[in-house]
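In the two complexes that follow, subunit A is the common piece, with subunit B as its partner first and subunit C second.
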Partner chain A sequence: MNLKKIFITSIIICLCLFTQIISGESTTDNDVENELRIADKTGDWGYPNPYLGYARGPGYMRMHFIFDTLVWKDETTQYIPLLAENWEYLSDEDAYVFHLNKDAKWHDMEPLTAEDVVFTIQYMKEHPYGWVVLDSVDRGEALDEHTVKIHMSGPYAPFMEDIGGTMPILPEHIWKDVENPMDFIDETAFIGSGPYTYVDFSKEHGTYQYRSFDEYYLGKPIIDQLIYVKTGDPQMTLQRNEVDFASIKPDFIEQMKEKGFIVIDGPHYWNKKLMINHNIEPLDNITFRQALAYAINQSEFVDKSIRGHGKPASYGLISSESEWISPNVPDYPYDPDKAMELITSLGYELKDGFFTKNSEPLELQILVSMISTGGEGTPDRDGEIIKNQLEKVGIKVDLTSLDTKIVDTKVINWDFELAISGHGAIGGDPKILYEKTIQVSGTKPSPNCARYNKSVELNELLDDLMHEMDPQKRKEAVFKAQNVYARELPAISLYYPTWYNAYNPDAGIEWFYTIGGVAKGIPIPQNKLSLIGTIGEGKEEITDSTSTPVSEGGEEMTDSTSIIPVENETESSPLILCISVIALLLAFFVIRIKRS
Partner chain B sequence: MHNRFLRRFKQNRIGMSGLFIFLFLLILAIFAPVIAPYDPWDYSFGYLLPPSIDHLLGTNDIGYDLFSELLWSLRTSIFFGISVGAIASIIGLLIGVSAAISGGLYDIIVMRIADALLAIPTIMVLILIAAYFKPSTIVLIIALSLIIWQTIARGARAQTLSLKSKLHIKAARNMGASTPYIIFKHILPELFPLFAMGFVTKVRIAVFMEAGLSFLGIFDPTSKSLGIMMNYAMRYLYLDVWYNWLFPTVISLSMLIISLALMSYAIEEIFDPRLRRDNIA
Partner chain C sequence: MLTLFVFRKYILSKRWVKIVTVYLMTVFILLFLNFLLPRLLPGDVIIAMYSGQEMLITDELYNELIILHGLDKPLIEQFYIYITQLAHGDLGYSYISHASTTGLIMEALPWTLLLVFSSFILSSIAGIILGVESSWRRGGRFDRSLLMFMLLIDGIPSLALGIMFLTVFSLYCGWFPTAGALTPYSDATGISYVIDVLWHLILPLGAITLSQIPGDYLLIRNSMLLTIREPFVLTARAKGIKERRIKYLHTARNAILPFFTRIGIRIVYVITGVLFIETIFAYPGLGLLTYEAISNRDLPLMQGIFTISVLLVLVVNIIVDISYKKIDPRIEYA
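Let's look at the complex of A and B:
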């Protein structure tokens, strides 16, 4: 009886195993010829739709394959046609006119029309979308089926990048009845007009799957299937050829190159900066802040904290690699003596190596965060280095390490003296200078915004920067604003780290860093243009970019792509076969022994 | 009583090996400023240098001499451990004895607090404290001591209660001895084994806790700590620097914890008749 039971069970188990093998093989056969995998360390960045994706760079990247914007950017050119074939700015009416691509279709094959653009503007005004602020836009107007006119409510210089190149267009026929976009998760929520259609997203596994949209108006994408996989060590996965594109550690550049991978390093659009509480003594004094700048040795940060993989920052916030960089930003070459001289000029006396005033020692607290509640530690040596540098010039430093969120909260509440922070988007549109200097009323305070509203001169220049529509005049304002910023130092930029990515050229895709970053400045080299080949040449030459909330460490730069035929299953199948046979034999053997 | 303990401890090989390892590490820690070849906060050396005569264990990612850093970290760990061990044991002993002697409502309240503390996961409390207060070493020493005294208090209370009913104490009381006299002359000496065991155990817990917390990044980032060293070493594991960076750190911490564990095991064996090997034999 027992023998029979065991025999039957074993056979069933074997059959199951076989079926798995068979089904495994058949999926391999059915696999699309052309598949590309991108590895990511975090995995879950929210559903790939405008409202459900997480408001971070990678969340936008997951969505941008499905939803197109009016214009786009590539490696070298600011604005190139995407949904809009061409466009013009009517200065007398303060409006933009976009001529849409007549071939553009939604994934459900409905045509994309000017009404959809008008609807999107209206919808996003009613249901604010984190990436796009539409305060500057009055309304959209469909001039004909493929022409849309966007009326501005006032001059807004960063329009093209901020809205034209970032706002994903939504299909009116689907979204018009959606009351609450945050609850809208049915299949139609992922119908866009981009080169890829949504296939699957698994929150638990952190995987995304897309299939190419054959009717895409710019031609069928090169890669049929695009997959994001979650992996603990993207670089290792890349080396094992399981993916074709991954972020890599700087120490492996040569090794990866030797193995035939192509290594790309990002432009320096992200800066580590020292936040200053300019409301309290002695940090409210410009001279004191300048003394800090002289006391800080930026090169030492680059050499020690990031072991040479980066460069010292410009003091004017805008990246020194941006075309908006002012040619004469005030500089503060490392000069501890000068720093001490400036501090002395403020009435401090040097006693036992440290400054005092009215017998009060000059002590500053610096907040750093080495832990984050998410579990991802981002320890670095910046705190230790700055403490050392400031103590050299006689400023006592109390270095305090707190959770990232607590540091952010303390900075927002002005409950700090100095804090180390960082943000991106300094290589794109110069409006970042406005956003990270001035607290815009009615918006949530950002922990990396200096909120320095007290300089009338700077306020005026920043106002021009945002509203001056004449490119030349705007540029002048941007240069001047940087110079004033660097002179008054509401915050001190420290350095730009370099991030490296590598990809397998055999996959047939050439990845690149987008000028100024994707959309509002996301420094992730996964521009969808890589997958659809080149499109038309750009129209204007403007630099822009916006901050990508890549935040500390840039851990999200962990993506990679590659075409991998799924071979593993065929390799493992003989093993499974052997194991099942052995299991069967063992079962018999055990029974026989028991019986005897 | 004490002489007997010392004699027995000397005979206990496990205890003695633990003691020797601990003393060795203690000497290294105490004389770290003399032994360490460089200032552990001096990062002017090249980064990630392999071990050499100049740098016995090489240097780390920022350019600290790893050997010097290791010695100073050991110093932090041992200082932290002994401080917490001493404070927690004293608190535990005081509370336990006083609860047993005074009894009544005080006894009930204090022992219920002890029970409640037993149920609270220490590490979570410390992380919360670290998140909301400035986590200086002293603050953490006090915080940890205030959380882990309860086992000693329970032991001390139980033993005091049983001692209270012993004949010699009753005799002393009948002869007019005051309570403080009885506590200091009769009860505390009897509690020495419990104190010694509790102390060593708490030192071990504290050393481990310190390493864990600093590994998580809760400690002062500029202090030298085995946990912080490990945290950074883990980030550079891919560079094959484990043998001169992670390995010595882990070994030092393990040795420290093992030596304490051996000692507490030996003490327990000496005082607990059930564990005594000669009895079993």
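Let's look at the complex of A and C:
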């Protein structure tokens, strides 16, 4: 019994000591540096380096803090200086000349020179990089230490967005010896020239850690430490103040605003669209496709499928919020009678509410699946809606729900009639119209590309769109191409969903959506410009405009800089409580044993 | 003929040899299925794997990927390569994650084992104690209300329990962190690291344990109700042995046998149950890895995870099988 007593007493003492340690712990952690945390549901997007990051938007975003490109975009302006202070296009030579920022340095303090740009082009030609296709570039040439000339192999209109604003510049002194970039994972693989240096990436936990690069040529970043954390429910993590930025569900916008968070809603650069097999009857007929467009009520999708959080799409593929939107894209306002009239004009007869031709009923199969929007699969409600709409105009519909990858494969193999699909990048450079209409030769088909090259007119316009270097003429070609696209309807754009993100203004950062999307059109509002000094005035504004932000607990937060306690008091107190309860129970148990 | 006779007489007669042979055959069949099934999925594997990525798949790249995944070889040869690699502990390379599958699984496995085994121990203890106490007071208020409560819990899937826990204890009460297995980059070491891990463990562990308790409880309770009627219990009472001794050492010792049989089967449910819980709590274990592998169609990773899960389940079963005689000496093997 004595031994037992000693044992139990020591346990209780241990527990008390524990409690001491924990309560001490929560106070010592408060003096961490200025830190910002971003929540993400998937977590692992690959190592933050051009070749090791996954070829998806978030993978590029993880990398863009470390590696800078020649030019960049912000909220309102296309192509602002980044590594290149200024640039010019020499039309007679078909070449671009970039004058680099003389203060630019690599994270190992080596100077960044024109040779690095020349090397990057050469290296990426030898080791293809998913985001940048350099077929249009002939070579780079260093005119002097800070001037680089890029010779084109032919006119390529999307150069600035596709290459200038997307290609991360690699340090020659490190990469020149790297034979296989996919196997290159030592510390130097993450030396870039961007505002943040690489500290850590955990594949297992899906976390990233960056530290500010104090010698950054545009000034020291506002936030010293940037961290990405993986979480099952980003919004909840934000509400708990565990992070400062997260995507949120549309139904909680008001609630989040009430709690003092700033909610930003995305520009509409992603579209849900109806893929059409235009090689088979009756879908090969333009009039029939136009009848489909009249039969489809886009507003019903917005109201029912995404509960009003979105808007109807333009039929010309390019987003209606893009600066490239044609002012006179043909429109198909919802008109079931007109749709029926068009179908009748094709020789169909209406019998018992459904069209028939040669006693064959008009029946179409629609493939639906969980379309991944913003990296997250969402159940498809559009199938049911479109089925009802088409049946209203006398078209029988066989709705088939399949795995996304199977739908993709069926679409690629032309083994479908209609399929619901979707893609982004419709707000950036209009070359998306080319990429999603015509199949690029020598490549495998993409499941959301219409692969429509029957229209000579459209083909010519799309060719102009890619190669016309005169901005005005290019714009005209883009407008015309959209109009022809909307008239011939190789695919029907349905709607643009709205995505919402919220952030904690106390962190001192004003996040924004980039015009046309980051780099090649990534619709994620985590542009690195938010974090660097150039928007210092913006930072001032936020702290003023939200003078009394209210924390979750209801107390006023007076501190405008981000000193985020890693473990706040509410987190440690229940542990103490729990341990005290366990200690009490143990004591109670000992007394009982003694008595019995 | 003679060798066959010797084999039968001396080798096969040994019980453990029999068990191991049966298990080896099971492993082989399962490995074959595991190899074959992903290849039977409709559609072009390469296109399916890479279609979500922002990369232009040129013909050259396509051929390179086919060779990279070894899909250019005949099926039998692919299976041979798979088995040989497996024998060397190489589960393949995940091209989507740019990492060795073995490495990915080994990083995730400890977290799942921590979750599965601690929940197993906790739910077993709770299930046994509650089952024994409940059956001892059968028909009483305690028994009736506990039974009702357990049936209620049994009806709630672990997924719903997880979401409820997360909403109540994390969002509203703010007592526990919402996700992960530890606070990222908190620089915690030693005792504070352990506490941080435990802190993150509580909610997923609670959800999974609570979903497991009713099964154990109901099994033990029913088994106890039958054992209580046995004559030896009456004898023990007549001998004046203390009640707690009769309850736990005499009755429960006998009533616990079906529970051990259930362990083997249960481990499968725990592993699948962990998938949902880990996804909800973003807990970096095998369940979350499985979820991600399936959604990315990461073939090598899927195969690796299933192989490990199969082996894990079989190892637990084999242990239960072999130790069964130790637990219940009355069992005689045919």
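The criterion applied here is as follows: the second predicted complex is superposed on the first by the 498 of 596 C-alpha atoms of A that agree within 3 Å, B and C clash if a C-alpha of one lies under 4 Å from a C-alpha of the other, contacts with A are read in each partner's own complex, and residues count from 1 in each chain.
Please note the rule applied: a contact is a pair of C-beta atoms (placed from the backbone, for glycine too) under 8 Å apart; a residue touches a chain by one contact, two chains touch by 3 or more.
Quick caveat: nothing in here was measured; it's all calculated off a predicted structure.
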Touching partner for A:Ile227 - first (subunit B), second (subunit C), both, neither: second
Which superposed partner A:Glu510 touches (first subunit B, second subunit C, both, neither): neither
Partner chain(s) touched by A:Glu349 [first = subunit B, second = subunit C, both, neither]: neither
Which superposed partner A:Glu85 touches (first subunit B, second subunit C, both, neither): neither
Touching partner for A:Asp138 - first (subunit B), second (subunit C), both, neither: neither
Dominant toucher of subunit A (residue count), subunit B or subunit C: C
Partner chain in contact with A:Glu110 - subunit B first, subunit C second, else both or neither: neither
Partner chain(s) touched by A:Gly206 [first = subunit B, second = subunit C, both, neither]: second
First, second, both or neither for A:Ile406, with subunit B first and subunit C second: both
First (subunit B), second (subunit C), both or neither touched by A:Glu215: neither
Set intersection of subunit A contacts, subunit C complex versus subunit B complex: 377, 406
Contact footprint of subunit B on subunit A as seen in their complex: 249, 251-252, 304-305, 307, 368, 370-371, 377, 379, 381, 383-385, 387-388, 399-403, 406
Parts of subunit A lying in touch with subunit C, wherever the complex brings them together: 18, 21-22, 25, 29, 41-44, 46-47, 52, 54-57, 60, 128, 130-131, 133, 182, 200, 202-207, 209, 225, 227, 229-233, 236-237, 239-240, 242, 372, 377, 405-406, 408-410, 412, 440, 442-444, 446-447, 520, 552, 566-567, 570-571, 574-575
Partner subunit A, residues of subunit C touching it in the complex: 41-44, 47-48, 51-59, 61-62, 96-99, 104, 107-108, 166-167, 170-171, 173-186, 188, 191-192, 195-196, 199, 279-282, 284, 292, 295, 297
Of subunit B, residues touching subunit A in the complex: 41, 43, 47-48, 61-63, 130-132, 134-135, 216-222, 231-232, 235, 238-239
